[in-house]
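In order of appearance the chains are A, B, C, D and E, and numbering begins at 1 in each one.
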């Protein structure tokens, strides 16, 4: 009662304290599942993905589970998959990149034009294209980090700039697949096919998987990865805690530019030709963002896993192909994909809630 | 030193304390300007807008400052201006709405089809269209607020759904201006022209100004407006402080749906006809977001003014018209607009910094 | 014994692997100042969040004036006159001090402007805010239109406390209201708490400051490992006893009150 | 007189209309615990933010071991061995306790995994974190992989203090490190401060808790209205004196030290 | 005096329009006309075309060449331009009604489709009765060019059209399905894959244009069916004709955008000089710039030119 009471002395002697340990007794399957979901957030989109596959499998039968259909999905998502990995990195820093698709298309055009217009060997044209992608990424990064402009605006502007440069530089001319095949086949390298248990894969698909796995490792298990999360989570706090915000952001945007360059190379492998008017330039950004968000990465940064983004891309791919195979006409497919995007995220939220 | 020192007694007696008042002495023009910028954030985009006008005026001469050209800007931004006002509301709540353009187009189609297919009088068709817009907004709001889905995904899905419904319902048929003029002229009501000091205005332009002014008033001076800001700023805090998050979000999304309906009506006034393939459905969302962000509203919610969004729309309109009048080739126009978007925001950031 | 104003029986709240409330009981009597003390992480904040509707408990029941209630949001509790200062303060950083003070119960202009156009009466709200802050001795706030994010840690807390004290009509809950406050400002908050009690409104005060707790509290609820360990009378126990109980260095003899 | 480790002359910092630092001086001597006290909003946090590179002052200069330095980011100060616990704690809420403890100075695995693949050594980081938290008596943290956002207010502060104490090599700055801490945890922080000093590292301690300040401080810097009012010796002055000076109820006689 | 004119295309990302613009620019330079060019942001972009016409009015242009994105929605602003004394010529795509413009220089897109339809029918012979046809269209919004070519093809092939103003409502089982391509290689490949997934035995592919055809070919090549599927297309750009030579495309309907553009500029020059307006082709209400089938495998009953001739006439 009196303020002269030396009450703090009570805690001067340390009692043997025990950690309040959580019980390690037998666990039910449900609570193991719980724990798994908590430690691996990418499991949620994986569940949605599997559910989608099962439903389409039931409706479409063996047609859907044929090696042909299943490899087709991988073929069809390879570009979006690579772009989604890039986009996920940016979104983890609480940014957004509207220019990813345009950079990919421009890089493919540069690889093609550098070979065909200036006669540079394809083995050199590809690195030149990748370097250009990295440079555009660096420009984005500098504007975001140094001038502190909002990423949305920077990449919105860059999207328009890159797309315009793409058309102006290429004079809207397509380089035909046949011509590439004869004079610069290395440009189509990622289109190389190989068979694995009846299913046909391309090196482009392998590259996509590699990009996702490497990024997943780097984000989880290196200091740089932790810094990316910290900057996205609370940039002020990260800076106060000793993270170099500028270096982190610059490196993220440059890596993203490089990955977009890879996506451009993947595009040549997939389409055979080099075309400046590829749709990826216009809607690649929205496709990539959709995959990322369906994959459970928060648009506010700092939360989510890159593997989730990859599953997100697959979910959209499965829906699209499944609906087409089920015979929905294009306008109805378009409508149903809208419904399914919302449904997928609803299921995702619901799983998170019941297991919270 | 002793803890028995009753040091708190010192502050038990209240001394006459004076407020540390900031000095109200003579102020320099610069510091007045400072204060104005702080209390009225929309001034920054206004400065950028005026600068753009002056530059184009210098380059293009009297052609640009003719009443015809100046009213043309207002004509050309009226749709984006209305959509930007709607978008700004959503972005203030830390959301984003990709469906605004599609809702506008669908509402215009509904107004048209209801009159022409079912013979409903135009005076009733317009309210029906507005009600549909409000209903779609309510659906968005419910998904965002009740199911707590990310607004980006909800409105991405809704965008596709609304656009597909629009094509399916209208069977891709345009209702021609001549037909509307003869059988349902009220649909074109907002296209009504009147002259004011040599310049031609339309009721659509007046409606756009009204929407912006009413929203500006409501956001600044009513409790609802404060709640919108609070929910966007920190939804948890707002809820703890006693704001009804759900009610606020629902009302915002419904108002936005209604305003999109108005934009649909404005579209009929501007183009005379009703066309389901109007590009506003496809790119209206990005245009509106661009205007909002150039206008200085943070994509993270809670900061910025709706008048800024309107100036943002005008800035883009001035750039586009100015470059077109200067005869820039379309791709160069896109490139320059890309550059100017980044430049506008850089100037904005710079002004904010030097006056901070 | 009079019915408690606010009462809880067997509250449970789990967060994943962590049990924040473990069948916790609670009683607040009319007109009293009840202090809640306990180690960091003992579950004090979770308890008052459950009482004020900010957290929905996994189990147990809450009674207001003896009648069971089920708050689903802080608004429900507020509507019943329960006003809370959360440890996180619950402010909108980008809004002004006055906006934050009146969030959710804004004043409207008299007459047509207020009724039809629903215009806010900024002047009245600002004056009221300035007055309440002055009462707390927060003279150093130079501009009532400053946004909350530009305030110092203590100033921010002062605003939150002033808000709760001004509007609470049935129960006022304060979660560590003086943690960031200076000597003078803390003193003023203690005075404020006493003046709220003298209006007949009971108060729940969470604090780690033992001298303050023992100075103002009528009863002290000691919280340990997610539940109420005991309730003690500050006149009958020393601060050392209280600290010993809450840290587990000693065990309260018998049950002082049904805990 | 020895050269101060950290010194500031005439620091000025304005925020719009508010002057947070008004030609403020500051000295920290080798090996001492210097307390900084003052009213809420007096400018204490701004002062230490300027000293640690988190805020770039509008005027004045900062000297480290007598040599002028110009920190442009907290990283610059950290590189010089100045470690700070900010009032806002500077944690990444979505990351784990261990991630936060080691933010910016992560440990890598030994051998190829660390050198080539730059793999983090999570086990070592977790063990170290657990140990440091146990030293502070934060036993109630049940899971070291919990994200920081799920910690109680006091637990969070404990993590921040443990981080600074573990890594500071030249100066440790603590802005209200015990504000949210319980009796036991506060006590442990005081012990920790003394053990850091015994390693020869000087400490700047901002606190509103007078008994604590008078218990551990070698000198007390009293801050008022954005500047240093005076520096007093806690052995020669009473707490009442200190409170009177800092609140303006009394004026220090003469100048006790060149202020 | 200074004569200025405008050319407004649907987009400027499609080589077809790029060449059209280049043709117009060359002619304008020759005749001393200042030419400003404008384009929509995407195919179907009516709004930007409206804004472009308004700008031309503000700039005091003498004539406007336009390939309208929306044939009827553009009409009011075209009227506004004509009221301001500007000569408006529709290129490639007739307006609705066709006399909303002063004159139209265009390909008959329905005819372009019909030619490849008839050719395919003849080429398949008896096999036509159980053909499996994939229709690779432009966009879900069904812009008119796409609908006209699609329906023209089906008509030429002898399939009942249902509503001729939209595709997708046919009931003939030989049509495996429709998908959209955005008129580029990327869309062509994906659409082809999607339709192959629902029926791998497709043996006829109609494509909206040659880039889409090239994409479809890649998809077929990936499963080794590039040699037993017939691809037909429309446009007659040089890369497309080269693809006919290489056997990627069986036949294509060639159009003449440079001719449209240069005719248009000449008409504006004449109008600026003495107010004369251009005349329509005999017996038609527009100036038909013609469409020709290009193939090295001519069939009876369908007039065609060889690839060699096609390469002389091709654009781009």
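Everything below uses one rule, namely that contacts are C-beta pairs under 8 Å (C-beta built on N, C-alpha and C of every residue); 3 or more make two chains touch, one makes a residue touch a chain.
Keep in mind that this is a model prediction, so the values were computed, not measured.
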- Query: How short can a chain-to-chain path be from chain B to chain D, counted in steps between touching chains?
  - Reply: 1
- In contact with chain C and chain D alike are the chains A, B
- Task: Specify the chain most distant from chain C by Cα centroid.
- Result: E
- Message: So using the touch definition from the top, which pair is joined by more C-beta contacts, A-E or A-C?
- Response: A-E
- Message: As a test of understanding: of all chains, whose mean C-alpha position lies farthest from that of chain D?
- Response: E
- Task: Calculate how many whole Å lie between the centre of chain B and the centre of chain C, each centre taken as the average of the chain's C-alpha atoms.
- Result: 40
- Distance in whole angstrom between the CA centres of chain C and chain E is 73
- Query: How big is the gap, in whole Å, between where the Cα atoms of chain B centre and where those of chain E centre?
  - Reply: 37
- In chain D, residues with contacts to at least two other chains: 16-18, 88, 140, 142-143, 183-184, 210, 225, 243, 247
- Message: If I count partner chains per residue in chain B, which residues reach a count of at least 2?
- Response: 3, 6-8, 10-11, 17, 20, 22, 163-164, 167, 331
- Query: What residues in chain E touch two or more of the other chains?
  - Reply: 12, 42, 140
- Note on the structure: In contact, pair by pair, are chains A-B, A-C, A-D, A-E, B-C, B-D, B-E, C-D
- Which of the residues in chain A come into contact with chain D in the complex? 7-8, 10-12, 14, 17-22, 217, 221-224, 226-227, 229-230, 233-234, 236-244, 302-303
- chain B contact footprint on chain E (complex, rising order): 12, 34, 36-42, 44-48, 50-52, 54-55, 57-59, 69-73, 75-77, 96, 140-143, 147, 163, 165-166
- Message: Applying the document's contact rule, which stretches of chain C touch chain D when the two form their complex?
- Response: 15-18, 38-42, 45, 87-88, 138, 140-143, 146, 150-155, 158, 176, 179-186, 208, 210, 225, 243, 246-247
- Item | chain B partner contacts - residues on chain C that touch it in the complex | 54, 73-75, 78, 84, 86, 88-95, 99-100, 103-106, 108, 117-120, 134, 137, 139-140, 142-143, 183-184, 187
- The residues of chain A that touch chain C in their complex are 1, 3, 5-11, 13, 15, 17, 20, 22, 34, 38, 356
